[in-house]
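What follows is a short report on a single structure.
A, B, C and D are the chain letters, set down in written order, and residue numbers restart from 1 in every chain.
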Amino acid sequence: MSRTIELTTEAAKFAALLQAWGLQPFMIESSPDSRSAAGAVRFGAAAVRAAAFFAFWLMIGGNDLLGLPVGLATAVAASFVSLRLMPPGRAKIRPLSLLALTARFARQSVISGLEVAWRAFDPRLPLNPGFIAYPLRIAPGGGRSAFCAFSSLLPGTLPTGTDAGDALLVHCLDVSRPVSADLAAEESLFMRALGYD
Amino acid sequence: MSGALDLFSIAAISVGGFFFLAGTVGLLRFPDPLCRLHALTKVDNLGLGFIVLGLIARSDGVFGALKLVAIWALVQLAGATSAQLIARAIRRKEQIGAKSAGGSPAA
Amino acid sequence: MNALGAVDLGLALLVLAIAGWTIAAREAFAAIVGYVAYGLLLSIVWARLFAVDVAMTEAAIGGGVTGVLLISAAARLRQAQTAEDERPTLPLRLMAAALSALAAIALGAVILSLPEPGPSLAPLAAKNLAATGVGNPITAVLIAFRSFDTLLEKVVLLLAIIGVWSLAPDRYWGGAPIAPRAARPVGALTFLAQLVAPIGVVVGVHMVWVGADEPGGAFQGGAILAAMWMIVMMARLSEAPPVGAPWLRAALVAGPAVFLIAGASGAVTSGAFFALPQAFAKPLILIIEAFMTLSIAVTLPMLVAGPPRRAPL
Amino acid sequence: MITAATLSGLTGAILVGLGLYGLIADPRPLRKILAFNILGSGVFLVFGIIARRGAAAGFPADPVPQAMVITGIVVAFAASALAIAILLRLVSETGRASLRPDTPGAAQTPGD
């Protein structure tokens, strides 16, 4: 009996480790039922993040052989800092949806960037600024912050924090544009790409 | 370097310069701080994106290109955060002003 | 005048205009924002003088960390206003202006009459660079050729910390300072800190590591690490430690202590204080730099956080 | 012909003048600290052109003055931090951000 339990925990551990290494870079699903599995998740997240930071070191450091041990130690330290500040969450990345999100981001950036540029250059200064309240579906926490940061990069919309409820107060240069619909489309895509749905 | 690549690089950097110019014009012409924030943080970031794109074409090797992308990403992150913080501060200030004037806060 | 000359002239005028604005602005907050912009522009001037190491230090410390220090001070000073009648009278201000103009003109005249070609220690530094094993002449000067300056400068930082802490009221002694931070947790700031702080750790260490051979070093890398800790505290993800914490004190003195030990061991092995044995010069310099980085990364945020403002637990 | 280095040096000289004026003429202590920092950066810039003029031996600038400017920037920051801590303590003791030794309301002496 006890042996079976042991095996199950081991299996959960292994599965969590595999998941962490293979499919879900950066953030991974935590399983609250087993403490050791949670530990494995943590270890897995640490390993994935350390690998990411080491890759970053290689990128900025280039091909300096002597620096590799230093880079490795730094990557471990950075992933320790990262885990302290941001414990492994329940997000998981879906590469295809992420690609779609990136494509939409690029297209929207250029389109609305051109639009803001046109408004700036137009002698009549055609602005219709104001706030709209957009009810957020994504739960409070890291995912919501990430989405707010994402939407604040798109020209035309500027999240200014939430009101008393869960509505995001967005400042727009032109309130007559379909801002809410755009935001809803982006939020769906964002939630799918990062596994918040 | 091939001519086509140079041409692409020149074009992308020029487009980036255009967006920076538009952002600056917006910064000077838009009527209130929140609108000016739009011009400053977003259109400028778009300009930076195009300039980075143009420079990637001229970068030496993959590492140089990735470094440029990392710079762009960090500037985006900083821009997103500061835009939200400033916008938040302005809205709260306006709300307090509206409340003390007896009006309802903008929503 | 070529294009680059025009850029230089424009840059100089911009720096002067912003400095003037910083002096003249009515609001303290506006003046400080001006000062931060001034620090960043100044770092471009430094880059134009081919002093990349100085440019990085100026941007990180002159612009960034000093900016946080000043803004948090201005926020706490908002209530305490200086009476308008303390402004000097017009004749006095005119005299001050005349004196300042005289100083500037005299300095300008000196600059225009500097000998041509300028005297330089660069050949001397170049000749001895190989002995240190490092490739960045500025790191060599800081740690090897003028090590006393650098050591004393580290001691000055320690003295400043002691001075700042000494200003705590008795009841708070041994307690923790309150670092500048958001009034309540803000999602955007938390997100930034969570994402940027670990990346900043990698960048900061990288900057120290390459500082041996390229622009960078303990000051620049340490300032970046310090900034990361400050961002984390600003986002309220971490608190400033109590000033009595042993690890904090160890980290504060680690840099100067290791530096001193290296110097003293030089006195024993090579017969002169700070005579680093040539075979180990580069590893020794790197070890000293590592501990200096740690001390700078801890000292700068603690200087910004100020004296303890909480009773010890 | 004024070179880029000389231009920066002259900029530094004017910055010293601006900072000196602010340091003397502005009564507000925080602004004095700001002005002091501008004065200091002007001095560093003058030092910087001495480094640039000392370009030799394959270095674009003399490394010795550069290294000293780096330590200088850090020391200037430490001095500012100490000054601000003293100022904040002064304010918490007296309630006023003022360097005037007399109490508020007392007759002021001209030329103080």
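FYI, a residue touches a chain if its C-beta (ideal position, glycine included) is under 8 Å from a C-beta of that chain, and two chains touch if they have at least 3 such contacts.
Going by UniProt, the chains are B = Na+/H+ antiporter subunit G; C = Sodium:proton antiporter; D = NADH-ubiquinone oxidoreductase chain 4L.
A quick note: this is a predicted structure, and the numbers were derived from the prediction, not measured.
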- request: Give me the chains shared as neighbours by subunit C and subunit D.
  value: none
Query: If you tally contacting C-beta pairs, which pair wins, A-C or A-B?
result: A-B
Task: Averaging only over C-alpha atoms, locate the centres of subunit A and subunit C and give their separation in whole Å.
output: 33
Field: subunit A and subunit D, separation of their C-alpha mean positions in angstrom
entry: 43
- line: Distance between the CA centroids of subunit A and subunit B (whole Å) is 20
Query: What residues in subunit A touch two or more of the other chains?
result: 56, 60, 148-149, 152, 161
- request: Identify all positions of subunit B at which a residue touches two or more other chains, and write them in rising order.
  value: 77, 80-81, 84, 88
- line: Given the complex, residues on subunit D that touch subunit C span 4-22, 24-31, 33-35, 37-38, 41, 44-46, 48-64, 66-71, 73-82, 84-89, 91, 95-98, 100, 104, 108, 110-111
- prompt: Where on subunit C does subunit B make contact in their complex?
  reply: 186, 188-189, 191-192, 195-196, 199
Query: Which residues of subunit A touch subunit C in the complex?
result: 49, 53, 56-57, 60-61, 64, 67, 70-71, 74-75, 77-79, 81-82, 85-86, 140, 142, 144-146, 148-149, 152, 161
Residues of subunit B that touch subunit A when the two form their complex: 18-19, 22-23, 25-26, 29-32, 34-35, 37-39, 41-43, 45-46, 49, 63, 66-67, 70, 76-77, 79-81, 83-84, 87-88, 90-92, 106-107
Message: Touching residues of subunit B toward subunit C in the complex: what are they?
response: 74, 77-78, 80-81, 84-85, 88
